[in-house]
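Naming follows writing order (A, B, C and D), and every chain is counted from residue 1.
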Amino acid sequence: MRIFKSRVTRAITVAAATALIVTGCSSERDTTEGKGKDGAKDTFVFGGAGDPGSLDPALASDGETFRVTRQAFEALLEHEPGGSELVGGLAEKWDSNDEGTVWTFNLRKGVKFHDGEAFNAEAVCANYDHWFNWTGTYQSSAVSYYWQTIMGGFAKNEDKDAPKANYKSCTAKDENTAVIEVNKASANLPGGFSLQALAIHSPKALKAYEKEEASAKGDAITYPKYSQQAGTVAGTGPYKITKWNKGNKEVQLERFDDYWGKKAGVKNLVFRTIDTEEGRRSALQAGDIDGYDLVSPADVKTLEKAGFQVPTREVFNIFYLGFSQEKNKALQNKDVRAAIAHAIDKDNLVKTQLPEGGVAATQFIPDTVEGYSDKVEKYDYDPAKAKSLLKKAGEEKLKVEFCYPTEVSRPYMPSPGDLFELMKSDLEKIGITVTPKPAKWAPDYIDATEAGGCELHLLGWTGDFNDAYNFIGTWFAEYDKQWGFKDKKVFEAMEEASKEVDHAKRVKLYERANEVVMDYLPGVPVSSSPPAIAFAKDVNPPLVSPLTQENFAEVTFK
Amino acid sequence: MPLLSVDELSITFTGRGRRDVRAVDGVSFDVDQGQVVGLVGESGCGKSVTSLALMGLLPKKGVKLGGRAEYDGKDLLTLSSNAMRDMRGKHLAMIFQDPLSSLNPVIPVGLQVTEILERHRGMKGAAARKEAADLLDRVGIPDPTRRLKEYPHQLSGGMRQRALIAMAVACAPRMLIADEPTTALDVTIQAQILELLKELVDQQGTALLMITHDLGVVAGLCDQVNVLYAGKAVESAGRRELFAQPTHPYAHGLLGSIPRLDAPRGEPLRPIRGSINDRIDWADGCAFAPRCDHYTLECLSGTPQLTEPVGAGHGVRCVNPVLTGVEVKTLGVPAEQAVDAAAATAPAEPAEPKIPAQAGPEADGKAETDEGDAAPEAEPEAEKKKDAS
Amino acid sequence: MLRFVVRRLLQLIPTLLGLSVLLFIWLNRLPGGPASAILGEKATEAEVARINRALGLDQPVYVQYGRFIKRLIEGDLGTSTQTGQPVMDEFLLRFPATVELSLMAIVLAVAVGVPLGYFAAKRRGGWLDVAAVSSSLIGICIPVFFLAFMLRTVFSVNLGWFPSYGRLTTGINATEVTGLAVLDGLLTGEFDATWDALSHLILPAIALASIPVAVIVRMTRASVLEVLGEDYVRTAESKGLRKGVVRTRHVLRNALLPVITSVGLLTGSLLSGAVLTESVFTFGGIGSFIRTAIDGRDYPVLVGFIMFIAMAYVLINLLVDLAYSLIDPRVRVH
Amino acid sequence: MSTKTDKIDRLAELTAQQESSSGASLWREALKRLRASKMALVGAWIIAVFLLLAIIGPWVAPYAPGQQWRGEVFVNRAEFVGARAENWFGLDHLGRDIFSRMLVGARQTLLLGVVSTLIGLSVGALIGSFSGACATLGGRVGQRIDSVVMRCIDIMLALPSLLLAVSVAAVLGQSMTTVMIAIGVVQIPVFARLLRGAMLVQGGSDYVLAAHSLGIRKRRIVLTQIMPNSLSPVIVQATLSLATAIIEAAALSFLGLGNPDSAKNPEWGVMLTQAQNYADSAPMMAVYPALAIIITALGFTLLGEAMREALDPKLRG
């Protein structure tokens, strides 16, 4: 005992002393970090903005989770690297019947799951059936949001408010052909098959999942244990998840050597959470991480100047100023809405507040999405016209409440408070009195906007896949409290487009729908802007994706 | 050659933005082996400061020392602080006024005794503890081994003072300074402590510098007495001489203000007027003049010199000395007897001719000190816990 | 002694009950609800209703309070709306990091504050005193998060001496024993982990220590000044004891008594500071967790944290009292 | 119990003692000492300048705080406009004049400090004097009540002030008023303890006993004797609270709970928080508000501490 004690004491002293010396020496620290035996850097550390919610993407609906799981799980379809076109993923080819209800997938051969299981049609069906047969808390839309969006409800809906199931069946026609049937054609297909939430897990892992139950206890939903630690989950991706160290806020992944495609460029991939923008920037500058997402637009120039790489993504989101017509009756007048649209100096917003590559928007989808129309009515910046429109409407002393979220940075609006300030001063210029209504993003702000409690509000959307319905369909297909209007022309245009199965025809109908929507002007689409992403100097970065679906297996060190 | 020879000691406090204050202004006295010398005066007269200066316990900053204080041929005032550290406790030891606050409350008494043995006598562990127990036993603390383990707050007031004395005599110092060692104690205990001190002086031949305002203590213990007023010795004499014929009006007044049992009923006390704050600068004349019944214009012409108007070895600093002795007629007894009476009563029957201010001992250090408002009626000897410094 | 402890612990019960009522009322007064916090942008009314039903939020208030209390007694602080994990588990997971950081900060504060306070008092009015007092005053006046921010910019981004965030460098997989990374490294002999953890700790600890240092400097200074004027110090000097003995045994030992109390009870300000520093340095402790809970309105976590602190406060208080009675013989617990 | 409480209690004790012993002269004494203190002098100067700015700031500010320079000078995101003739401190991230915003912010900051301190003071005084009155005059039941109240107050002291603020903000929504209330709430236990302490000391003091023995009603004693005499510790604490309020406000902004309407009513804490996002490209944007906060808080702290020292003989030499 005594010997032990004194040895420990001595060790403490020695270690503390050395530590102080070593940490005092900067070069020492940099060289010892993340190197393999041969001295080459073999760990790529990426700074995320938030902790993932679970390691099972099927339970998630947020980008921070998907960024991690995407490296380990693959869906039937994927998007082309650096673009938004659908391409084969685990399915090499896919097809549907004319009604869009039967989807046939020709699966890739020689694919292995991380746990050694083989990938085949039965595995695919096991996944879809697993989700379809979810019970209990899994049926909560907090857990299975994407499944419900794409496939509707479950085999046995436990809640009468749950959507009706659209998923019918999945059959393994042969080893490499899976057929998925749905009840009704949907605009969300085939795009939905590419969602990370519907990525394919190993059947062995699925069996293990089924032994556990998510539970709702107290005020929140408890995620099942398997999704909270590495070990059980297994996909087919180029990396496998080896450790989730929540205390250190990091998820560690390791190259999967049996990957069917090109093997990952760096052996270890680590996602570490750094909650603040300036924290991530500092970490990159200090050399503690090799890249991070959601770069503050203000930092892009300084980072580039210092030699960091800040590749520009294509835009795939939309940021808009919403009107709640029921909350403020004046907004029911199109002239008032148009006046506001003419008052907003979009170019200034884009130039001063949004990252490089941002563009002013003319409609509620970015120009990268099929269905974008050049013929929509554009409400150009024109304060004089805005004023005269107000006068025409007899609303020269218009007063509006303007909601904006605080302490949040969304991919489409890096700093809402500042965007609000600029718009507010725009509106004041044409004589509108603006009352600021700031609120915390969740739940306060979301609640208020959803309930139509905000006369003017700032929101946006990042597309899940390349289909215009994924944008405008969520807002203008039917009466929505957030917008508080009923307009037959708009609703009909949407309905028509969503029902069309033929792709080319549907795109045309979307263009038309966009024109109708912009003619009605339910809100002001402001901008589309790519969230900036930055990498260290010695990194060959992956192709950046408009859907923020970067594949980190492409990364290598210079 | 005397053991300690203080020559024209002066102590000045200097402070930024403040006027210099000369607390002690040319005090001289000698202490021989085995002799008990008293420094007497009311609070603020400089007696405690003198003792601290001799011990080298005054802060270096803001204090200017003048004159010499030779102990065994070494000038204590110029000794380096390390040399002084070696002297203290070993050659010179001091007993303080308030035994409770003078003992470290969170350390057992034993350690406070052994630490000095360790420092100066190189004793360690059990040997030191045994010696400490012997010391406590010697100063009359019963059950010393148990007491060693106790903390100061567990001891009674008298025992604490005994413990302090034990520490002081632990290294058999040749010179002991006692600063009001009995002030904070109950009267019965006071006598015992004085008795103890007397014994120690007698047995070990230690020289004792007794600092007190208590004339009873002086009468009972001291061989030689120096009466201090406003930083200067105003009268310096042997005990008997002083009590027989207090010549300086201040000393005269001090003795005269002792209430006596044998005084007739209704006889008023005769306190000295005013307080020590009513003083003039020694440079301008006699500092006591404003309170003096005998003062003349002559008193204000420069510092009075120490003369010997009533006999050799009896110095008086006054131009109008009182040559009549303590007013014998009011005392009703001859002067010579008065001394004996005071001496006899002090240790033995302490309740009797005490100075009024001592009736209630100040038990702890928290008592208020309001030096400023001592009314003329107040007893001039009302010694406060803290000396003006 | 034991009775004292038991009594103090019993006193905890009414306090916590009262606190729980307050917290419950507070929770019920809150606008919005967990449902929309869970669902985010995608919430629809029907879904919110479904979640509320699932969580039992549609039941009467007293039923909800009953459940609230029952769960508290079971040590169940609810489930975090952000992470979907039990609040208790989240705390336990992150507690060691905050303990480690706080300990480091306190050690730093004591190591710097006590000597500084002591010498400031010894050389009262000298340059050291002026420097110590004024820097401690300034230390209190710098917003903690700003200090943390400056430290990171200077020592991590510009000089590159210390890591800018986190607890451990990736790739250093220390074996967990106690959860305190520095200690674990020492216990398992993984010294690289120890100094990696230490280097991550230093900047946040300095930031977190800024207020405790200021408090300790001033407490020590005032206390030493008081003790220096005490008679027993003069007694010790009169015994000719060596300087070191006087300083440690007689001055510091007594002067540090009130400082010890204050160190024990800096909990509140330490935890406040931890929320700020940890979130600047993304240090994976309770502090940064609370920060995200504040951002995400994770009420179960906030409520749990308040209960947790109240308990910690009472317990630390108790420990300090016990420690005090051991150090100061005048204080005896009955 | 804690350092905080220790200091508060000591302050209460001291001033109460002084009041009761010889009233006005001790005030004068303290004032004299205060005047000699360099700390107080520096503090007073800082406060004087701050007050001046707070009063005249919004009038002398060259531009409206919300006015934005557009196009011609503030383009291309990261390029900030630094100090120049028209804009002494340069432009912020929205192209607004930082100098004007600092000036207007001085008043906001003062307002915030004063109002929140008043909230803390009034509620704290109510609780503290109630508790103190119970303890001194209420017999055994009163003492029980007092001990319960004080335990709650102690726990409130222990809770991180930020959490209290978050709780308040959560219920009341986010606004300048919320910030003031939140910071005020944090001060409540401090003042409650202070007043209770003062009352307890005075409750046992001679003049209260004398008043009591003269048959003066208890309530009257509290109102006429004890309350007025607790004034000086309150003044000291209020000065220190102003400093705390300014710093707390900054911390609240950092956590996103600051004043949301910062365009027209800029407040230094919010300015500092916003500036941190641009620390890399425009560091001066953070430096101005940070220095302003630190210096102002320092001013109040210096004066408060000097006052405390002047009142406390133990801290004197």
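The rule is short, and it goes like this: a contact is a pair of C-beta atoms (placed from the backbone, for glycine too) under 8 Å apart; a residue touches a chain by one contact, two chains touch by 3 or more.
In this text, all values refer to a predicted model and were calculated from it rather than measured experimentally.
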Centrality ranking, top chain (CA atoms only): C
Busiest interface, counted in C-beta pairs: A-C
Greatest separation from chain B - chain, by CA centre: A
Approximate Å spacing (C-alpha centroids) for the pair chain B, chain C: 54
Inter-chain centre distance, chain A versus chain C - centres from mean C-alpha coordinates, in Å: 36
Chain C-chain D separation of Cα centroids, rounded to whole Å: 23
Centre-of-Cα separation between chain D and chain A, whole angstrom: 44
Interface hub residues of chain A, defined as touching at least two other chains: 278, 285, 407, 440, 444
Residues within chain B bordering two or more other chains: none
Contacts with two or more other chains, residues of chain C listed in rising order: 31, 149, 153, 291, 295, 297, 299
Which pairs of chains touch, using the document's own definition: A-C, A-D, B-C, C-D
Touching residues (chain side chain D, partner chain A) in the complex: 66, 68, 70-71, 74-79, 93-95, 173-174, 256, 260-263, 274, 276-282
Residue ranges of chain A touching chain C (in the complex, touch as defined): 8, 11-12, 15-16, 18-20, 22-26, 29-30, 32-34, 43, 45, 50-51, 53-54, 61-62, 137, 140-142, 145, 159, 161-162, 214, 216-223, 228, 243, 246-250, 252, 268, 270, 272-276, 278-279, 282-283, 285-288, 407-408, 440-444, 446-447, 450-451, 459, 461, 481
In the complex, chain C residues that touch chain D: 11, 14-15, 18-19, 26, 29-31, 124-125, 137-138, 140-146, 149, 153, 215, 219, 222, 225-226, 258, 261-262, 265-269, 271-272, 275-276, 290-291, 294-295, 297, 299, 302, 305-306, 309-310, 313-314, 317
Chain C - residues contacting chain B, complex: 230-232, 234-243, 245, 249-250, 253-254, 257, 327-330
Touch list for chain A against partner chain D, complex: 277-278, 281, 285, 296-302, 345, 348, 351-353, 355-356, 406-407, 415, 417-418, 421-422, 424-425, 436, 438-440, 444
